[in-house]
Amino acid sequence: MTVVMDAAALTEFLLRDFGQVANDYLVESVGTEGVTLRLTVADRHLRPGGTVSGPAIFALVDVAMYLAILSRIGPVALTVTTSCAIDFMRKPAAGCDLRGEARVLKLGRSLAVGDVMVFSDGQAEPVARASLTYSIPPKR
Amino acid sequence: MTVVMDAAALTEFLLRDFGQVANDYLVESVGTEGVTLRLTVADRHLRPGGTVSGPAIFALVDVAMYLAILSRIGPVALTVTTSCAIDFMRKPAAGCDLRGEARVLKLGRSLAVGDVMVFSDGQAEPVARASLTYSIPPKR
Amino acid sequence: MTVVMDAAALTEFLLRDFGQVANDYLVESVGTEGVTLRLTVADRHLRPGGTVSGPAIFALVDVAMYLAILSRIGPVALTVTTSCAIDFMRKPAAGCDLRGEARVLKLGRSLAVGDVMVFSDGQAEPVARASLTYSIPPKR
Amino acid sequence: MTVVMDAAALTEFLLRDFGQVANDYLVESVGTEGVTLRLTVADRHLRPGGTVSGPAIFALVDVAMYLAILSRIGPVALTVTTSCAIDFMRKPAAGCDLRGEARVLKLGRSLAVGDVMVFSDGQAEPVARASLTYSIPPKR
């Protein structure tokens, strides 16, 4: 598969279309194997006790996979998440950013499927794992 | 199954342990059939275009199911989400609150399973559907 | 939603297109609320110890939801399962048939979503719960 | 993680405890990275048209992950599947065996989580992907 949007193009897309949350994320790498996205953890992502909240992890996997798909098909803004199955496996390490590694497993005409592994920065054992599907609007 | 925490007790629990997000939610009903939780939609829950974001819907189903479990077992704060499978089926109606209807399907000693239907307030067709599992810590 | 194939039509479809497994199942009811399908449990569905196997339960939910979709759209044979998220909650009762209650939650042009509750015959607590999505081929 | 059952031990376990289906499978490799299991496709696994059925693919991922867990914890026969989220992405190639590559992502005291990629023999693009959780009975 060919990459049609690189890290700079994906970052620009985030800033323009998702300005509210763009500053939460850093596009670390984009390649044929997928996209790695960093969540810069801030207070608003934490549950009491200092662990990253479930919704913040969900948002990370959703944005990471969305960008992985766009890196292949370009800025098709109407691509929408249709399902997500996520396993929360370990408590994120305190005071650590999270990294989501997304890969596209299928890119059909109307449906894309992929998965994301989430790690606390510098740790080998995953915090969470998700599989996601997206609906891609028909070309005009 | 018996209800051991009612709407007032669940609301008090939310305010004390989840103060950051407690004002987003309203516990509408608690009974043997489950818990209905309303998300009072505000700007911070919206995507560009005015639709409620995926992470906000995820947070609603997670909190609704968590409260449904606590309504049966009491305030066991270390209960944690282990998995969620969610289908996003329809765009939420604009300018509308969301209601999550959570029911507990299994309440084991260490594992609870349930599902949640999400509706735009006053609409009959569901916006999303999720199944969730939680790990319940052993009693001391 | 209107029902366009009733129990007799669905049974005939099963016999013609799924002859290998048609005798495992009995279409119990078809209505606007969904389809109830019975698995007539035989030795080939059992694990050692006498409990119904996971693959036999998976097959039941898949066929039940497939028939629920066809009951709305007619015999579109190329409709295929794209995903299934299933929770196994309780051991099926020994020596009992299983009943799968399938309902369609969304019927789009190219995607259908639904869920299925599985019960041991005569029991109130579910054995399993599944959500499934199907791809519907475009009309010619 | 250490491997405590090798391919020979897992094969012997299958033959003794799952004699009905043991001949469907071949344990190809066992290592710290996981277990690869081959489904020797026969007529009983096929749908009309010659493609491997959904339940046969489900059974492959379930057995592959089960063996991957046992390779780490030994023959704990009461380990049971509690959930599976599976995406069917491509039609299996006709006349081809399937290979399931299972890896364990978390091995807790009472819960194990892993995922499986399924390929038609010799093909690079996956047929299916599944994540599964298992309940492990407490040690006596």
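Labels for the chains are A, B, C and D, by order of writing; each one numbers its residues from 1.
In the analysis below, a residue touches a chain if its C-beta (ideal position, glycine included) is under 8 Å from a C-beta of that chain, and two chains touch if they have at least 3 such contacts.
All of these numbers come straight from a predicted model, not from anything done at the bench.
*Asks:* At the place where copies subunit B and subunit C touch, is the share of residue numbers found on both sides over half (same) or under half (different)?
*Replies:* Since more than half of the residue numbers are used by both chains, the interface counts as same.
*Asks:* Name the chain whose C-alpha centroid is farthest from the C-alpha centroid of subunit D.
*Replies:* B
*Asks:* Between subunit B and subunit D, what distance separates the C-alpha centroids? Give it in angstrom.
*Replies:* Computed value for the inter-centroid distance: 34 Å.
*Asks:* Using mean CA coordinates as chain centres, what's the gap between subunit B and subunit C in Å?
*Replies:* The computed centroid separation for subunit B versus subunit C comes out at 28 Å.
*Asks:* Where the centres are mean C-alpha positions, what is the separation of subunit A from subunit B, in Å?
*Replies:* Roughly 23 Å separates the two chain centres.
*Asks:* In subunit B, what residues contact two or more other chains?
*Replies:* Where subunit B meets two or more other chains at a single residue, that happens at 82-83, 85, 87, 89, 133.
*Asks:* Residue numbers of subunit A touching subunit D in their complex, please.
*Replies:* For this pair, the touching residues of subunit A are 85, 87, 89-90, 105-106, 113, 115, 125-126, 129, 131, 133.
*Asks:* Which of the residues in subunit D come into contact with subunit C in the complex?
*Replies:* Touching subunit C: residues 17-20, 44, 47-48, 53-56, 58-59, 62, 80-89 of subunit D.
*Asks:* Mind pulling up the subunit D residues that touch subunit B in the complex?
*Replies:* Touch list, subunit D to subunit B: 82-83, 85, 110-111, 133, 135.
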